[in-house]
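Paired with subunit B in one complex and with subunit C in the other, subunit A is shared by the two complexes that follow.
Up next is the complex of A and B:
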């Protein structure tokens, strides 16, 4: 394919995502949300959604806008929707947090902020879904990789729609939904589909493709990947059934969520086996920082998803469940995202800056853009904070958890600084940097300098040579 | 696909083979090899043969499947390549590649981590003259290389080999002023 250009707005998605992560960590350090507040209290909901939508979803969206076209060898459909989608998601999240703040009684505002937030977020996710769906379906046959993303997008739709229903009920505008009594029974399923489906399953699917590339490992056998897809799909299908069961007048009990989580744990075990095989069979022996820093993330997944159904089935306290959920969100999804961001940002920066100079003069390697071992130290701070945070949550130590989050914050701030330095080419000697007008811009790809997709289309339509 | 309508599809029913406990993959591949240019393959199987779709996609066939009921599926594989002379090549490939001369340089880049293959190919091209042809073997499709080749006005044609593990790339120097 000819059109693998840089996704113009991906860096802006990443910047917004990292800003929301830092905001969530600052609030947690300040003592906002669980364990000082209850698990389903507004203060906790603000933190959870800053992490789920602001940090993880925006980072995932930015990465998908860059890599889905590359991995299915088709140009991104409707690329001009990327910025409106980002704007809607950011605005929707601000409205949502304001709505929760009203609910908490922090300021006097209309509760209608909540359904307004839900509508704005729905628009943002729908635009994003449209771009990705149209891109995935333009490539036939629909491959295994695409199926991971398609199921993930279906989970996103279910999560966003159920969240909107909750928002309507919380604002008192859900009278027409009362018969469904979705709250609070639907909440665990809403979280399962969001974290396990949209974020988790797509992380599974994309990591298969990207890890093979990053480590020069042979592709895993399709039947093994399919086993992961089918078992995870089954778990998420159970989650979806649990979510809509009240519509049929059924009350899914605790056993239902336990079953769904157990099947997801099984899928994760299959996935972990494949990832281990990729690490073992890699031809590139030295591990780069992104692959080293992903190891604690995979360990967090293994530990968290294995213990979570056990904890729920055994009726463990709220603290244990919160600790395991925190481990999955910050250790597995957050850790993996931070680690791969280092690689994605440095690669996109390298490509945008040096592609046109390759072969015509000296060019650094991608890895030369990243400051090592300093970047590795920031990951140590981050993961140490995660490990400590899990312990403190499990033990119910609110102050200890704030200290743990401070460690996460220091690590995150360090990684963000390193990413900014990658964009500024700070690791390249001043004399060796390209002239100012050819350097990367911080927040967007130089679509004007690189052949834009429009220019590429023209080239395809009327080949010159 | 102007010739598709002219030729009747070749038929292959693998149900008896599977009932007899035989592996039909080789028979399918033999049937594919025996197809005339532009001819379709009509496959009948007792299940939806999803794995075959990607195998056939790599060989340049689109799959169109239909549930026949009773668990049986009909799949029509139709060739995507419009040029019967060339093997199926990636989108964006130059259609004149069959007329290019023999490569004057060959690179085996299968063991290099991306984006190193891209760097090596662009470096090598800078040393070649207009009209020179370069052949490279890669572990993956170099998707980020293609826009750069187009910008430098080089022509290329590429595809995966039959096993789907090695990407073969032929590039003809287009003669943009190098240095």
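Up next is the complex of A and C:
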């Protein structure tokens, strides 16, 4: 039987992702971007893309490099592309932020930075997509959960390509694109496909599998999962139609995005019902920190996606829409990612350190690597900041929002510290730690943890036997 | 004699603990069958909680080693199966 692989660069993806999250939070605390600047002003665009690409996309990419091989029981395809993809994504994001800074007039540089950034990011996402696509399609028939990821990758392609078109237009090199009203009309659809499709839908699909494993819950009924997939797929299809409508000379209008969001809210309701059932039917009664800290994330999804279409349809002010978008990005996607990072990092660390000792004597449990209840307190800081941030954005209090982001920053910094301590085995008594040469490296899997170029088929990451 | 050996092997497998739960592979219901052959050879049929499980290789090895250490066991073969698929209901009550 083939088993999945221990992804060598996943820790590096996570480290880069967390660094970008902290950078975004520091900038927000400093007052950069919305609400001090307009929603579509360059300063806000820098923050949005630091979060969307730097934080959430890199964390998702790192997790998928680890999880997709487990999902399909096949080794990762083209594993050598993981590092070039990471390098391209990081470089592309720096170029993009530089391009936005030029657009803002912060320094005198060529606007061609924007299409250059787009090309670099496209290369990075294409390399990532190639690895994941080839791995997913190496297992036939394509499973239900793999389809979530496939649709999510299609959304990523649409998001990256539309973002590239925007970059070309903003740099004045859009050519024929200038004549179309891709900007600003396409922006909501670009955001919907990125946050709702690439990040959101894949979070749906992967969380089904991960929650079953983490909580020892029975698998959800396939027809219920399929309902989520079909309804979310329909919403994202509408989003894609709205994005490309200008190419056919059509103007989708506000009702179109409201409809797409409403269908996505329906899909989220079906998803939420399933998640609730998983929590209720779990055999593992004591919830670990990753599952506890995911609860506010699921609540954020429920609240945010239910209210967003209503707010847009009712013509609510910019502040309300921004507050709900913030809730979905930081509460739902950010909160879930941070929570699950604690589990993924601790399990991968255990695997690289103690798996070979299984049955050969005493070894700590995976949960012993995490400092509790301290880690829980950091999540409290983070979510308190999210809740306060939503309130401040809705009320239009710029200074209050900065204080809220400070709370998020403190929480994030604390969680990052705990993750580093997990890698350093800090919670394990000194005498019980393995010799230095057998300890995990901070940012990548040791070479001897992998038998082939990328993977040891006996050593992989998923949290349960 | 063979039933006794099977029982001893099962007891030995209670020392193979799942790193997440801290419970043994026996308590988790991962051991489907332990069969002792004449001469002391042991055949074990086991599963994992999910296909593609990360620990499969290590678990098989640990199970084989624990069984092989039982006095009277002359050889161990561990077979992996997913029929029937493992269900949380297979976990023994605490």
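Definition applied: the second predicted complex is superposed on the first by the 445 of 465 C-alpha atoms of A that agree within 3 Å, B and C clash if a C-alpha of one lies under 4 Å from a C-alpha of the other, contacts with A are read in each partner's own complex, and residues count from 1 in each chain.
As a working rule, contacts are C-beta pairs under 8 Å (C-beta built on N, C-alpha and C of every residue); 3 or more make two chains touch, one makes a residue touch a chain.
Everything quoted here is computed from the prediction, not taken from an experiment.
Of the two partner chains placed by the overlay, subunit B and subunit C both lie in contact with A:360.
In the overlay built on the shared chain, the residue A:198 is in contact with neither subunit B nor subunit C.
Contact with both subunit B and subunit C is seen for A:284 once the two complexes are overlaid on the shared chain.
Look at A:148: by the touch rule set out above, it reaches neither subunit B nor subunit C.
Contacts of A:351 after superposition: both subunit B and subunit C are touched. In the overlay built on the shared chain, the residue A:222 is in contact with subunit B alone; subunit C does not reach it. Contacts of A:140 after superposition on the shared chain: subunit B is touched, whereas subunit C is not.
According to the touch criterion, the shared surface of subunit A, contacted by subunit B in one complex and subunit C in the other, consists of residues 1, 3-4, 70, 73, 213, 216, 283-284, 347, 350-351, 355-356, 358-360, 363, 365-366, 459-460, 463-465.
Subunit B meets subunit A in the complex at residues 51, 53-54, 57, 62-63, 90-92, 94, 111, 113-116, 118-119, 122-126, 139-141, 143-144, 146-148, 150-151, 153, 155, 174, 178-179. Contacts from subunit A toward subunit C in the complex involve residues 1, 3-4, 69-73, 209, 212-213, 216-218, 281-284, 347, 350-351, 354-356, 358-360, 363-367, 457-465. Note for the complex: subunit C touches subunit A at residues 15-22, 25, 28, 30, 48-59, 61-63, 65-66, 80, 87-89, 91. On subunit A, the positions that touch subunit B within their shared complex are 1-5, 70, 73, 140-141, 143-144, 213-214, 216, 222-223, 283-284, 347, 350-351, 355-356, 358-360, 363, 365-366, 450-451, 456, 459-460, 463-465.
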